[in-house]
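The structure that follows is given in the form of structure tokens.
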């Protein structure tokens, strides 16, 4: 009986040594995963995911603290890309109602703008130009459509206008009325 | 560096401690159970044997009176030969396990032959034959295997030791001739072996293996 | 020589660990959603399985048997396996972070992947020598990887098929596995001779 | 010299589709009279839209530039006749989307008075190719074979990619279309003139003119023109009639045996491919100094009373073209712009003819039945057999259907030339090409979104950094001030802003919740 | 996490066999009869409770790098002890389950629960978790076993006497000897098909429950969304 | 004027699924006639049972899934599945086994994956294996071919056996059934008979078994018809036959006394039916040209391996299922080189 205990003890001690050593030898710093996740997020910085912007959300996902379905601007495509990267089951989006497919951008009715600069402070990507007491303009190309500038405006002169379809941004529609469109897999629960 | 070493030693210590605890638990249980387990296994084996040869017919310590033979004519692997005696007189030998080729995988048999060369009986220890076809050799499914009881090399005559389809006396199963054919052949070979080696089988001094392979 | 070939054929096809022996099913179901991941998992398992098959053979022959400690087999083997896996995990984490991320939760599961302990115990049961043990472990792992990769490719296709709602996901995957296992029954009886 | 298509050079796949060229072959119905108003879309070709150089009310002369672009890939637009600019408005344009786009509306004055034209360059052989390219660019010439890619750009292959072979595309493989055929029959000399200019511009050693063997008259005419020109290194090659023989890559493969690299252009293998009509237009621009103002258009199908080919000034509406071809028959069911393999349907005939318009197919219900309901792909592999790009159309479809854009790219989606062969043979009648078009535009959009996201990230990071810096500076200042001033003053300034933003965030959240509830209720 | 929730999770919500797809090997290998399933399920549950408890107890002392080896050591010790004990005192039961008992060591459920629950929660919760996960697992094993046994060989509760003694033999139901079952059911493919069908069944039930529950639950859901925003 | 819009190409498309499946059925006719000639009415009865069940099952599933029923039934794929399964079954199989097999094929193997086009496994062969594994006895009870049959059964007698298990006076299963040539071959070889001894048996014809070899020929004709109509491409049948002949040829040359000749293998069992009708099932086969060659070849080799050393006398069904399983992987690794592929890229 003693031999048994001693043998197993010897075995486990030597394995312990090995593992202890390799824990130090193969220590891993940093996490390249956050970068990859961040690259998938739409960078709208709208905070709808409940985090202070896209990067914090990416960090939370990497740490396994947040689910992958919280970003409405990223939509289903974004969620699927995350599921793909992380090898997880796709999950239906949390706030489906916000994922209107048509993208909008902010437009300031310039004659009504009083130049209070509140919208400039709200815009996470500096897409609004103008100085205090002067009318402000949204740079259409840089606006991500996050709507954060709309509520602060004291005179409510900011509208979200849908982006117009032109010959250059028109997309061929998904063929419809054909056979069944595949739906993304739902989780087993 | 000192810190590193400490970490390593700590890991080793933790694993070591649990190793000791686990090993202690198992060793204690082993000590407490080893004997009973051995006994259980022996009894299980003996129960099988007593189905073929009545308990009262034997008075020697069967499990000790055993030989290990290795005869390619009989079986690919080693076979244990248990010798049953009453008051020193040979009663029967039990070959176990004898391998017979099956349809899917080898079939392992226990074959008991009385001293007079007649069969005390045959049992299938394990097999992987097709359910519904070849598995009728199992005594829990049909009584086919009981048909060997009392048969010997003269009864039926040796050229009739075949399945009916091949001109013998033993039944086959519809659609599955291979399995019974092979078993009949194996039992016949065992009888032949016994016939040739009978003297030696009973005389040779016992040599029980260190760890009897019960089945 | 042909004996060794037989061991390989037997473990890879006839007695395929996953589909016939029911060993290693959890990673088989879990890591087969994407072909690339499946290949990674196959490689990892092949490595671990071969290594632990050999290691447990050594522990058994040089340590447990001389000391008469056969009843400690399970403990000793599982310890060896756990350490091999943990070691692989750490090395992989360092050298291939993405693979690690993907296989992350399954690496610990390789430890408890029945296939690994199964190989170790079956080696004893079948009384394999050193080379046979190594081959047996390797063959089992190749068989595992083979069906894993094939299964992953089939699953990728099934994933976008028009599967009825209740069967989406794991249910249809299991049925697919069932059909694969049915196909593998064709190999039965191949080796017993 | 007529050379038969040497058997060993062939392209993979393709289909034999019974052609209906006889409806319009060799029939020239003359010029469509100038209508009262011409509608000239600002975007008529691949590349960026042109900027108008005229304003409403301005009078313009025939051949005057009315819109131009500074972008490299682009071409100017000329007034096809003299008249007055009515304005620049959104009008329906010939595009599969059916969208409206900005067009210059030109009220014709019936005088058809030429404006000032650059001097003709009949001695082009002594001129530098770059000068000629400039003239071709000025003339607004784009590929008339279908893609409408600015020809001057194509001819500017760059010094590191010398051109050995000029391929002239007279294959015209689409069933029904016969405008190139007619041009070759009637104006082989003009085409040859263009070929000579092109040979000079690209400095090629040889020229191969590929014509499908279902156009014997065109072959004879071209062969005669070649013989008359006395050019030794120009050859007319008769190629088999198999769709899409006229595809640039396929024709080059058949004529030269070389494959245009995947994702590449012909110049990379020392070849340039120009359509016969483009060559003729080049001749006009150089020899006569005239810009591209009109083109030959095939009007055909069972739905038109008098099928044939017409010369049409750009901007003329399709309805006028139809009228000139004696109007519709009772069989007319679908209006297809382009051929039946690659064209697209329009829901009305109010759109103008543009540089890329080669055919107007008024198909009867039998010629263009409504599509059946598609069945699932049965993986029969017929599409693989016919795909001239040697793709796996069924896999592309499988992934496009699942909207897995990465996978479609892995299966070389962007090598698909949208020829439609796969859809044609598919027993399940799956609109395969539409799936590929969908996946392509979707990929482009995603690419653009990615760029925008990248830009947004950059800007957000810059902003965060700036705010942090400001905050640090403010704190530093605060600390300094604190020593001198009372605390109250400093705090007051900071808080309202913060509350404003917080309030904003809260309002957004509330709005969302409200929306969500509303959606729920609906 | 409340006990109620733990129990619900174990039996249904996060059922190891149907949802987490863990412990599949014994599940599929042993579910050829109901009794086999019951026997193995009970043994697994016992080990699961013991190991969850122990691991939860020691969770603060175990370092990351030796975590896994320690866990499996603990589990293997319990399994071996249980196996030896059963072999000694419940020999008949051990005989039918024989080879499956060492397999418990590598049942993914056990390490899975150790990692996912016991190493993060206090002892009582962990033991309850072990119990309910084990029970959930056992239920699936029995259902699958019963189903396969019935379809494959036309019996129910065959072999019950090995577990509950000769007296219970009467409980075995059989179609009779010449019943030809769908043998496939007791072969490996049958195990896969059976589990696949059970999972689909669970999804149907879940969906129905969700539909029934969705009406009254709509309100609270939107309020949580607001709170998060 | 308003015109309807949709995308190119425009015109009457030359192919459709119904026609494709119809041609497969047509191509099966010669083989079926031969089967009926040699094995009697049971074949026809099986086909009827199977087709009826298949249509009913498909309609049932579609109804449950709330999908249009008639258009899907019209594609005839279920009929092809049913017929192929039926002609692979022994002629006097009890009716409920046929029904069970067809239900399995249509419901489990086809519609659980979404129906036509989505199933990774060949429904008919999966069902065949299900039945073979579950009812080995019934599934190995073949009738002797016509010329050897002492008790030819008429239509009603066949019907009575299939539906009621009732035999005409004083006949039993053992009297009217016999092993198939492949089965016989296996059994005899196992008893160390030589091929030349074996070929004395009345079961033997010129290359394969009596009758069987002719049925193979008729299926071959149907297969050539399919090739001619371009319903199937040559790759799979040719590669599959090549795989079988090559492996059989090698071993036959080594040991002609215990290894049957390649011709025997080719004309026995389901080989020719399999090569032209089963391995070519477009849905479950490999789709790339190179992939099809590999796929077919491996089926051929697998058939030989299982027939020679495995546990089953005929192996077409298993080999097809095994390769169905491998087809997606084969496809993945055999993407063709695209037009103009550059040297440094792989297709």
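A few comments on the model shown:
When the chains are written out, they are named A, B, C, D, E and F in that same order, and each has its own residue count from 1.
Here, a contact is a pair of C-beta atoms (placed from the backbone, for glycine too) under 8 Å apart; a residue touches a chain by one contact, two chains touch by 3 or more.
Bear in mind the structure is a predicted one, so any value in this text is a computation, not a measurement.
Listing every chain that touches subunit D and subunit E alike gives A, C, F. In this assembly, D is the chain whose CA centroid lies farthest from the centroid of subunit C.
With centres computed as the average of Cα coordinates, no chain lies farther from subunit B than D. Distance between subunit A and subunit F, defined via averaged C-alpha coordinates, is recorded as 52 Å.
Averaged Cα coordinates give subunit C a centre that lies 33 Å from the centre of subunit F. Computed from the mean C-alpha positions, the centre of subunit E lies at a distance of 41 Å from the centre of subunit F. Multi-chain contact residues of subunit C (touching two or more other chains): 71-72, 75, 79, 83, 86, 90, 157, 159-162, 167-172, 175, 179, 182, 185, 188-189. Listed for subunit E are residues 21, 65-66, 69, 73, 76-77, 80, 84, 180, 183-184, 187, 189, 193, 199, 203, 225, 229, each touching two or more other chains. Within subunit D, contacts with two or more other chains are made by residues 96, 373, 375-376, 401-402, 431, 434, 437, 505, 508, 512, 516, 520.
Across the interface of their complex, subunit C is touched by residues 19, 22-23, 26-27, 30, 34, 101-106 of subunit B. Listing the residues of subunit D that touch subunit F in their complex gives 11-12, 17, 96, 98, 249, 253, 259-262, 264, 328, 332-336, 338, 340-349, 361, 363, 366-373, 375-382, 384-385, 388-392, 394-395, 411-412, 415, 420, 423-429, 431, 433-434, 437.
Put simply, subunit A touches subunit C in their complex at residues 3-4, 7-8, 11-12, 15, 18-19, 22-23, 26-28, 31-33, 36, 84, 86-87, 89, 179-180, 182-183, 185-188.
If you check the complex, the residues on subunit A that touch subunit E are 12, 15-16, 19-20, 22-23, 48, 50, 94-95, 188-189. Touching subunit A in their complex are the following residues of subunit E: 13-14, 18-19, 21, 64-66, 69, 73, 199, 203, 206, 225, 228-229.
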